[in-house]
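Chain IDs A, B, C, D and E follow the sequence of writing; residue 1 opens each chain.
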Amino acid sequence: MLDNPPSQTYNADQAAAHDNEPLLRTSTLVCQRDHQDLFEPLDLTVMPGDCLELLGPNGSGKSTLLRTLAGLHSQFSGEYKSVGLVYQGHRLGLDELLSPLENLAWFSGLQDQALDRSEALRLLARLGLLEQAHTPCQRLSAGQQRRAAIARWLMAPQSLWLLDEPFNALDVQSQQLLNELLSEHCAGGGAVICATHLILQVAEKTTVQLQPQSGSDL
Amino acid sequence: MLDNPPSQTYNADQAAAHDNEPLLRTSTLVCQRDHQDLFEPLDLTVMPGDCLELLGPNGSGKSTLLRTLAGLHSQFSGEYKSVGLVYQGHRLGLDELLSPLENLAWFSGLQDQALDRSEALRLLARLGLLEQAHTPCQRLSAGQQRRAAIARWLMAPQSLWLLDEPFNALDVQSQQLLNELLSEHCAGGGAVICATHLILQVAEKTTVQLQPQSGSDL
Amino acid sequence: MKGLLQRELVATLRTRGSVINPLGFLLLSILLFAIADPGVRDEQSKDLSSVFWVLILLTNMLSLDAMFRRDFDSGALEQMLISAHMPFVAILARIFVHWLGSGLLITLFVPLLGLLLGLRPEMFLPIMLVLLVGTPALSLLGSIGAALTVGFSRGGAILALLILPLFLPVLIFGNASVAAVVSGQAYTAPLVWLALCSSVALTLAPWATWAALKISVEMQ
Amino acid sequence: MKGLLQRELVATLRTRGSVINPLGFLLLSILLFAIADPGVRDEQSKDLSSVFWVLILLTNMLSLDAMFRRDFDSGALEQMLISAHMPFVAILARIFVHWLGSGLLITLFVPLLGLLLGLRPEMFLPIMLVLLVGTPALSLLGSIGAALTVGFSRGGAILALLILPLFLPVLIFGNASVAAVVSGQAYTAPLVWLALCSSVALTLAPWATWAALKISVEMQ
Amino acid sequence: MSGRITSSLKQLWHKLGSPRWFYEITHNWVRFFGVSALLLLTVGFIWGIAFAPADYQQGNSFRIMYVHVPAAMVGQSLYLGMGVAGFVGLVWRMKLADVAIAATLPLGIGLTALALFSGSVWGRPTWGSWWEWDGRTVSTLVLLFLYLGIYALREAIADSNLRARAAALVSLVGTVNIPVIKYSVDWWNTLHQPASFSLTEKPAMPPEMWLPLLVMALGFYCFAAHNVLSRMRLEVLRREGKTRWVNELFAAPAASQSTER
């Protein structure tokens, strides 16, 4: 996938256009680490509006799966096809020297659009980051940095979100807020695949349980 | 405190010896960031067996407080006195090139003791890391790395633990396990101060709620 | 593109150290040489010019390691590769900013360095021209190595090993042109070759860097 | 102590690149110089020896930046400062391993470098002696700068700026002794001074490094 | 029609790519190269050492040539081979390419080092010094560094297929760079000091001098082919260890041994 990101983003817009085609489809997808299969073959089909909750014990391969779908991991068997997407890994992907606002500007720059500043500020305000909008991320608390990352998904044009344990380090209110945001996103024709150890508080969600193969730690 | 870690560890042993003196005492302690007070003055007294649950919204100063108590943050008013302690920050403090076992060996080397290998393996087994005991930490999953860090506290001689959101990235079983470990530690005359956004499942705990001062984000 | 450049510049300026320091490093090592053999300024400036270029190469390398490391550690690199509309534009922006902070900066300070090295003032302009033409190749080729080694926690030296052979032609032609300038001969021929190096690097390096980055990102 | 050294060595060897590469860098930059002015070997080897030392300094610096960075990023540094029984022992171990990989390694390869630089074989032993005495000072003093700059994301160049002045005495005496060796005079005097540098560094540097590390750790 | 051709080409390509096919096909090649290397080297060596006439000005020291020149030649050719492998590996993601690179590296390093060593040993009597900075010497030295760089890189990467891609990329870039280096170095050499000893104008050698050289060169090439191929075969076995065909390959002898015990 990494091989032609441009086409990705185009797909994204198309997909956003007519809702009948899946945003993501995998057939007998198995990720490997060190040439070892991590989980049973996966056949997923993610339509607009779906919210997948990806459960599984530590080491069951959630992150690896998400990285694979994002094109960051090439050691897998089976196939997958996906449109452009937003990926949030364990690491936040914020430039810690830049303020949340500047980070947002950079990301919209990547997808070469100009930053809609008022929109960005509105989002940050909703995430309770208005005061920190201009402080470099390295001077934010863990949870505040998380929220800055969340703002990035909300700005992104892509409609498929791959989230890896996005609730980490969030306080209670923010966890609630995040649940609402996910619901809204799905309601708005987006889709979410969220690896987590909490239970998503989302209206209709489908749960995918990854079972570690023999040879994993549990 | 950093100025004489040796004395720390000695204190620790003494403290472990007779239970009547507090492991940690703070008087009107207030941490600052950028010369701004973060929370109301704190008067804590932590006796052996206590388990403090440190709650508060993002940016309320939990991490800063813990760093201060660990001697990693010098911008505070008021006083505190503490014995030697174990500190677990947001970052795990594992050398990612070394395996969990080697990391443990390093840490016991720091406190110049030889590693009790069988003991270490027993701990790793209990944490479900036996298979990964010899793989470099960079090749472990987020939760597995967390557990490796947990093994470190369990090996440490100090009886006071400062934990910053130790439940992040842990799966359900491990969260349960961690709760048990904390209870055991306190039952065994140790003490825990644990910043978290979950609710500790520990028999008797005291809850400290940090209220962000005006000028914080919420 | 503009957004990208802006971000790069802001980030660079935030770590103020990084702006002045390639230059400072260059000055200091010239100082070192002056101390190490005081005779240096008396000899004919040919050897001088050579020392000059070697130091520019080393300076460049010192700043290379930081080119992608921060983004790699913070995960911003993944984001760039995933969601960049045209990744190699982002990469070019990064390289360009690196050049601003190393190559261009040094070029602008040639007069000062020249004074330290006892070059005659009329040489300054030609030398600046040579640097202006040659240094982009360094940042461009360097980015390949930086991208390949960013995954290693101690990449610094392995980077050097990978890069210096790539720098060799630049060194030779650049040095030749400076030498020609100093000895007052025509320096167009080596200059043209230098320009060739830079333009070839410009066409190939960003793609190689992109490929290398993808490899590095997959490392975790 | 043993546990510490072991860990350092293991970690260093895990990033295998880091072992062979300071050497490779040194060889390459000597190559660069030889190319930059081919006349080098015809002149009396005095300048040579100076080039030699400057290059060793630069090599050392290239590998300095990585000294504490990984631990800083992973948070292991905090752990070291908090729970180390005697932090400066841990620090010394780190410095020692760095020296093994830079100073000692280079010393062992003096004969090869000497051949490339056209030094006479009978000079090898004295030069090795000089390096053996002088290089520890580099790793020791360097650790101070490394500790101070580890907090900056682009510390590489600022590090250079901080360190080079500290290296000056070593450079001067080291260079003097090598020059003495090359020109066949008695080199005991500068050698003694060099030894003095190293021993002073050995007594002071670990503490300075410790203080610097505490400052860096408090930065976040 | 053309479709069929291209498809059959594809099949051939896949066959080329398949380790199993490679393993089976190369079985005889290894023997062939091994034997001919042995023959050529012994003949060439004895001929060169014993029978070739001494050089009228260099005396017997010139006989080093019979090691030096072939080593240098093969050292260079091997790198080019690695570059090709790198290209194939990058474009078609062919596993065999990395096997080839892995197998070539040590030999390449060894031969280049040998060229350097023999060269400087030769330089002692002829140049009067172990080392001269000169076009060829420099480009050889750089070649060695390119080899070492790739080696260090491969050592530093744990994951096998990432290692493969990285090595492929670097060897490709390096190969693109080699002609530039060679050219620029020669250009530099002519521009600066006149080489104290010019390699380019070779001593007009009588046939009884260069014939053994030719034999030796051939011998070195055969030896290289033998060495690389056999190590590739081993590597293939190691990597394909789990697959069926390998197990079948070793099932029979293993079974017979077990029955013997």
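Following the convention adopted for this analysis, a contact is a pair of C-beta atoms (placed from the backbone, for glycine too) under 8 Å apart; a residue touches a chain by one contact, two chains touch by 3 or more.
Since this is a predicted model, take the numbers as computed values, not measurements.
A.B. asks: Taking all residue numbers at the subunit A to subunit B contact, is the shared part over half or under half, that is, same or different?
C.D. replies: same
A.B. asks: Look at all chain centres (mean of CA atoms) and spot the one farthest from the centre of subunit D.
C.D. replies: Farthest from subunit D by mean C-alpha position: A.
A.B. asks: Work out the mean Cα position per chain and let me know which chain is farthest from subunit B.
C.D. replies: E
A.B. asks: Taking contacts as defined above, which has more of them, D-E or A-C?
C.D. replies: Contact tally favours A-C.
A.B. asks: Just how far, in Å, is the C-alpha centre of subunit E from the one of subunit A?
C.D. replies: 47
A.B. asks: Can you check how far apart subunit A and subunit C are, centre to centre, with Cα atoms defining each centre and the answer in Å?
C.D. replies: Chain centres of subunit A and subunit C, defined by C-alpha means, are spaced 37 Å apart.
A.B. asks: Would you kindly tell me how far, in whole Å, the mean C-alpha position of subunit D lies from that of subunit C?
C.D. replies: Centres of subunit C and subunit D (C-alpha means) sit 24 Å apart.
A.B. asks: So how far apart, in whole Å, are subunit A and subunit B when each is placed at the average of its C-alpha atoms?
C.D. replies: 30
A.B. asks: Could you tell me which residues belong to subunit A and also touch two or more other chains?
C.D. replies: Expected reply: 34, 74, 90, 96-97.
A.B. asks: Could you check subunit D for residues that touch two or more other chains and list them?
C.D. replies: Within subunit D, residues 15, 17, 21, 24, 28, 31, 35, 39-40, 70, 73, 153 contact more than one other chain.
A.B. asks: Give me the residue numbers in subunit E that touch at least two other chains, ranges are fine.
C.D. replies: Answer for subunit E, listing residues that touch two or more other chains: 142, 145, 148-149, 152-153, 156, 159, 185, 188.
A.B. asks: What residues of subunit A sit close enough to touch subunit C in their complex?
C.D. replies: Touching subunit C: residues 2, 5-6, 9, 70-74, 84-87, 89-98, 102, 105-112, 114-115, 136, 156, 158 of subunit A.
A.B. asks: Which of the residues in subunit A end up touching subunit B in this complex?
C.D. replies: Residue positions touching the partner: 33-34, 56-59, 63, 90, 128-132, 139-144, 146-147, 165, 168-175, 197, 215-218.
A.B. asks: State the interface residues of subunit D toward subunit C in the complex, per the touch definition above.
C.D. replies: Those in contact with subunit C are residues 12, 15, 17-18, 21-22, 24-25, 28-29, 31-33, 35-37, 39-40, 46-47, 50-51, 53-54, 57-58, 61-63, 65-66, 69-70, 73, 149, 152-158, 160-161, 164-165, 167-168, 171-172, 175.
A.B. asks: Where on subunit E is subunit D touching in the complex?
C.D. replies: 120, 129-133, 138, 141-142, 145, 148-149, 152-153, 155-156, 185, 188-189, 192-193
A.B. asks: Please output the residues of subunit C touching subunit A within their complex, sorted ascending.
C.D. replies: So the residues of subunit C in touch with subunit A come to 1-4, 6-7, 10-11, 14-15, 70-71, 73-76, 78-87, 89-90, 214, 217-218.
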